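Both complexes shown next keep chain A, but they swap its partner, so chain B is in the first and chain C is in the second.
Let's turn to the complex of A and B:
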């Protein structure tokens, strides 16, 4: 009797711990995801009660929509530029701050991390100012050093708008990945470098033969993390800074989804774009996980 | 050799100093801009403000809804962070300590959901809240924020709970304490540092959140800082109220700066651990 009672109490306690959380999780996370896929098969303006099932028509429209290829290109442009920019800079800073005996290293660590805690809206508005044609810092700098010709309306320029958004994205991302890599480097036994010194290996060789292989797990994690967050989230900065403009020069899938769904009230079409984002980000992660599969090095 | 060493010490510092300037200078420029008049801002982006008065701050706070948005953001941040803990602590405990059939699967479901693009779910979420009459409601927004960070919080707490010695729970159970009591009075205090780490990061994300608030809130008086700043940016463009905009940016950032300087270590630890997954 006692056992039965305690077993029942155990299940009650389990249910108390798990059920409320799981219910709200299903309601506000799982249901919306599944619902997004479901809505993508409908033609729906949101306001009317009429939801017309149209099968794969939204997807057919996506294939013939000329904005979509540009948006996908831009999404991957951000992924590419962010992975290269963030990894090169944060790896350099991480090595410099851990291995080159710099006294004021904590200062750099604190400063470089700072943009990571700022909101995308603040970062976006701040950088809009930096790029402002009239009162901006960048054009002001060029004029001050006599490079008047380089001054331009950065975010209004068809070719320069996209890279101009990538720069604050890198600016805001360095600190986190630098710290991640610093954590990895500080776990490398000092004796390895001492042995390499005795063998006469240059610092450059030590970097490629010791540091990089031993922090490969952290490098891989960082790259995957940048890919996921970029494909799923870079549209916020785009929407704040240019809303996809000029024209469609900086449009990415996420901003296009927002504009179609919440500005043009084409919710079915927006949901289909969301499914494309889901498929692309999962596929990209899988491909990169396959490409970066390199055995962990043990010394 | 000595000369070479000095040279390389300087050479390494050049990129470090350059990047420090690139990070710090825009922020200093923003703070100074908040004290300038529009005329001063237009004359030169490099000038020092003539005198330090707080007119821009007062105008942003009272006439551009930054004051009410500040309070709304504070409310949503506090309630969201609290709710997230209420939902996450029991589940993290059950997943880490009360092994049951499917506990690994459930943990993996939570963790995998962090990889999905939340933008896909925003359309159904909008209509769900519409049907429940919960649009334009700061309580509902707090709940949505809390739920969106349940997986991350569980992830952090599970790793902290793994370090709590089982003997303490067993001793309390022998003394006749109920499992509810053990969870609340024994385990929760012991994972305090995990709770603090997760909560600080949650609070910063909620404070900074913009897009869900943009979609789920509708009236100006309900807006949070992200949305209000975006609106202020648009009206600043028409009215050339740049100083006010700078002041608004400062008001949005200063609480996070204070938070960061107090909890620097927790933030760094939690963020790097969170990214490792």
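Let's turn to the complex of A and C:
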């Protein structure tokens, strides 16, 4: 009888822990998602109670909308550039701070993580000033070292606006993944590296043959996380820095959704774009889950 | 026994937590700001000669956007109204994000009584399409000014009639777009203010040479500033109100005509001569306006709210000068396209009588004077003499004179298209023109290409 009671207690305790979070999750994540899909079948301004059911019309419009392909391209540009940029840099810093025995490592850890604490909006405005054609740091630097020709209106140039936004996106993301990878690296027994040294392996070989395979779960998690947050979160930086401009040079699905839903009062269409983002995110993550699959390595 | 009480207290805690979560997530019951100024019937009502009308009482909810015009005028008017109608309890909903904040009330059909339609997130066209505004045609026709003239005849820009003669709002603010410059700087340098396109081009070339700056700037993030500030007056100056509205509504023949090409060739000329700030595409509205204040540029198209919006950053030496955008040919009059901000009564208003009393209350000469003093724009009333009012900025007096003595400038109205389909086409035309404006100002396309792309868009939208 004592065993049965403690099992019940156990389940009750689990329920007590999980239920509030589950309710909040349903209310703030599941319900809006379902609501978004629901609204995508309507013609609704978002500012009144007048809603007209139009079935799949919004989706048909998406297929013929010339902005959508460009927005999708820009979204995946960010994904691609951010994955490579963040992974390379955070791997480098993680290895440097754990294995190169730098005395000021704790200081660097804090400094590199700092952008992660800043609000994305603040980062966007900060970099707007850095990129300012007249008073910005970047152009000022180029002019000071005699490279006048390199100074240009970064966020106002159709070719350069997109890469210009990618840089603060990478800069802001490095800290978190660096810490994650450092955590993974610190779990690798030092004896492995010592054995490799004795066998005559170079630092580079050690990196590829020991470090990377052993922290592969962390690398995979980081890549997937970057993909997900990129597809959903590029909106903030784009909206703050260029509002999708010049023209549609930096338009992403998120900023286009915002424009359609809140500036053109086509909430149903915006919701449909939201569903497209959802579908693309799911598809991308599934594909990458498959591509990055690797047996966990243990030595 | 200990196990049982242990279990009970956990259960109790769980239940309490659930209740807390549910309560926090239950519908927003009171999202309004607490009622401000809750003085009631202790006030004597003798001001403004209105007297206390019998029957005007209860709560009156007023929603107004606070932006470049500030809220000083609203506060004063509301205070005077309360003094005149002491039985009315006014609840104000105001702020820079008020349209988003009040959105849920409009969606749930529980709107405020009076709404001033302005700012981000507001669209009178959408509100009318969704049937949210009260039809005030009959009532409005009966309102007279202090001197006996009907209100509807006293507007500079008339109240818009839609759906076969129905009036859904009263046009309160006469704002318009034009070219701004620092008149003190111009005086100092001996630069003349242009009156037509040729003199404007010459002026810009002169400024470029003498000051070494790109004279023209606009916000690339919001190309509608260029559309409303330069293109619309240019189209109206070239072909009148008909052309202006036809182009905006995507009438294919209008886009295939000569006038629009001539206008775009003027724009192309400005770009070719290197007169446009190369960084414009990155600027938002405040950045481009700051450039004017810092003398990085000399001309910028904005509306009347500019001085108020940049109040905190304006240097002492700067004097705001305004001229209707000089895109007209020599000999032709300059064009002004009013950008009217309206005030309306909600269809589901709880207190329509008080709402009507309020609307009647505000359209007076006194408040028109105060409006010009505190907002930098003018109220949409004809024949208000601002010349002897020291507190009104000079540029406003100048424009007011121009408006009331026709011949110098022509006022052309941008009319709301009728019907959902036409409105959708107009929205899509605006979206397309915004993209092409950036392209032509950057120098990526020619005038011919601009017109061709817009014509194709119009054809696509019209199903041709």
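Before moving on, here are some points about what is shown:
As a working rule, the second predicted complex is superposed on the first by the 267 of 299 C-alpha atoms of A that agree within 3 Å, B and C clash if a C-alpha of one lies under 4 Å from a C-alpha of the other, contacts with A are read in each partner's own complex, and residues count from 1 in each chain.
Here, a contact is a pair of C-beta atoms (placed from the backbone, for glycine too) under 8 Å apart; a residue touches a chain by one contact, two chains touch by 3 or more.
Bear in mind that the values here come from a model prediction, so they are computed numbers and not experimental data.
Once chain A of one complex is fitted onto chain A of the other, the partner contacts of A:125 are limited to chain B, with no touch recorded for chain C.
Shared-chain residue A:29: touches chain B; no touch with chain C. In the superposed model, A:269 lies in contact with neither chain B nor chain C. By the touch criterion stated above, A:117 is placed in contact with chain B alone, chain C being left untouched.
With both structures placed on the common chain, the touch criterion links A:156 to chain C but leaves chain B unconnected. In the overlay built on the shared chain, the residue A:247 is in contact with chain C alone; chain B does not reach it. Look at A:256: by the touch rule set out above, it reaches neither chain B nor chain C.
The wider contact with chain A, measured as residues touched, comes from B rather than the other of chain B and chain C. Within the superposed three-chain model, A:134 lies in touch with chain B and with chain C [touch as defined at top]. In the overlay built on the shared chain, the residue A:45 is in contact with chain C alone; chain B does not reach it.
Residue overlap on chain A between the chain B contacts of one complex and the chain C contacts of the other covers 9, 13, 16, 20, 24, 27, 46, 128, 134, 262. Residues 3, 6-7, 10-11, 13-14, 17-18, 21-22, 25, 103, 106-109, 121, 123, 126-127, 129-132, 220-223, 278-284, 287, 291, 296, 427, 431, 435, 438-439, 442, 444 of chain C are the ones that touch chain A when the two sit in their complex. Within the complex formed with chain B, the residues of chain A that make contact are 9-10, 13-14, 16-18, 20-22, 24-25, 27-39, 46, 89, 92-93, 96-97, 100, 102, 107-108, 110-122, 125-130, 134-137, 140, 144, 171, 174, 176-177, 179-180, 183, 218, 221-222, 225, 228, 231-233, 235-236, 239-240, 254, 257-258, 261-262, 267, 270-271, 274-275, 277-278, 281-282, 285.
Touching chain A in their complex are the following residues of chain B: 9, 12-13, 15-16, 19-20, 22-27, 29-30, 33, 41-42, 44-46, 87-88, 90-91, 93-94, 98, 100, 106, 110, 113, 115-128, 143-144, 146-148, 150-151, 179-180, 183, 204, 207-211, 215, 225-226, 229-230, 233, 242, 245, 249, 252-253, 256, 259-260, 264, 267-268, 271-272, 275-277.
Residues of chain A that touch chain C in their complex: 5, 9, 12-13, 15-16, 19-20, 23-24, 27, 45-50, 128, 131-134, 153-158, 161, 242-243, 245-248, 262, 264-265.
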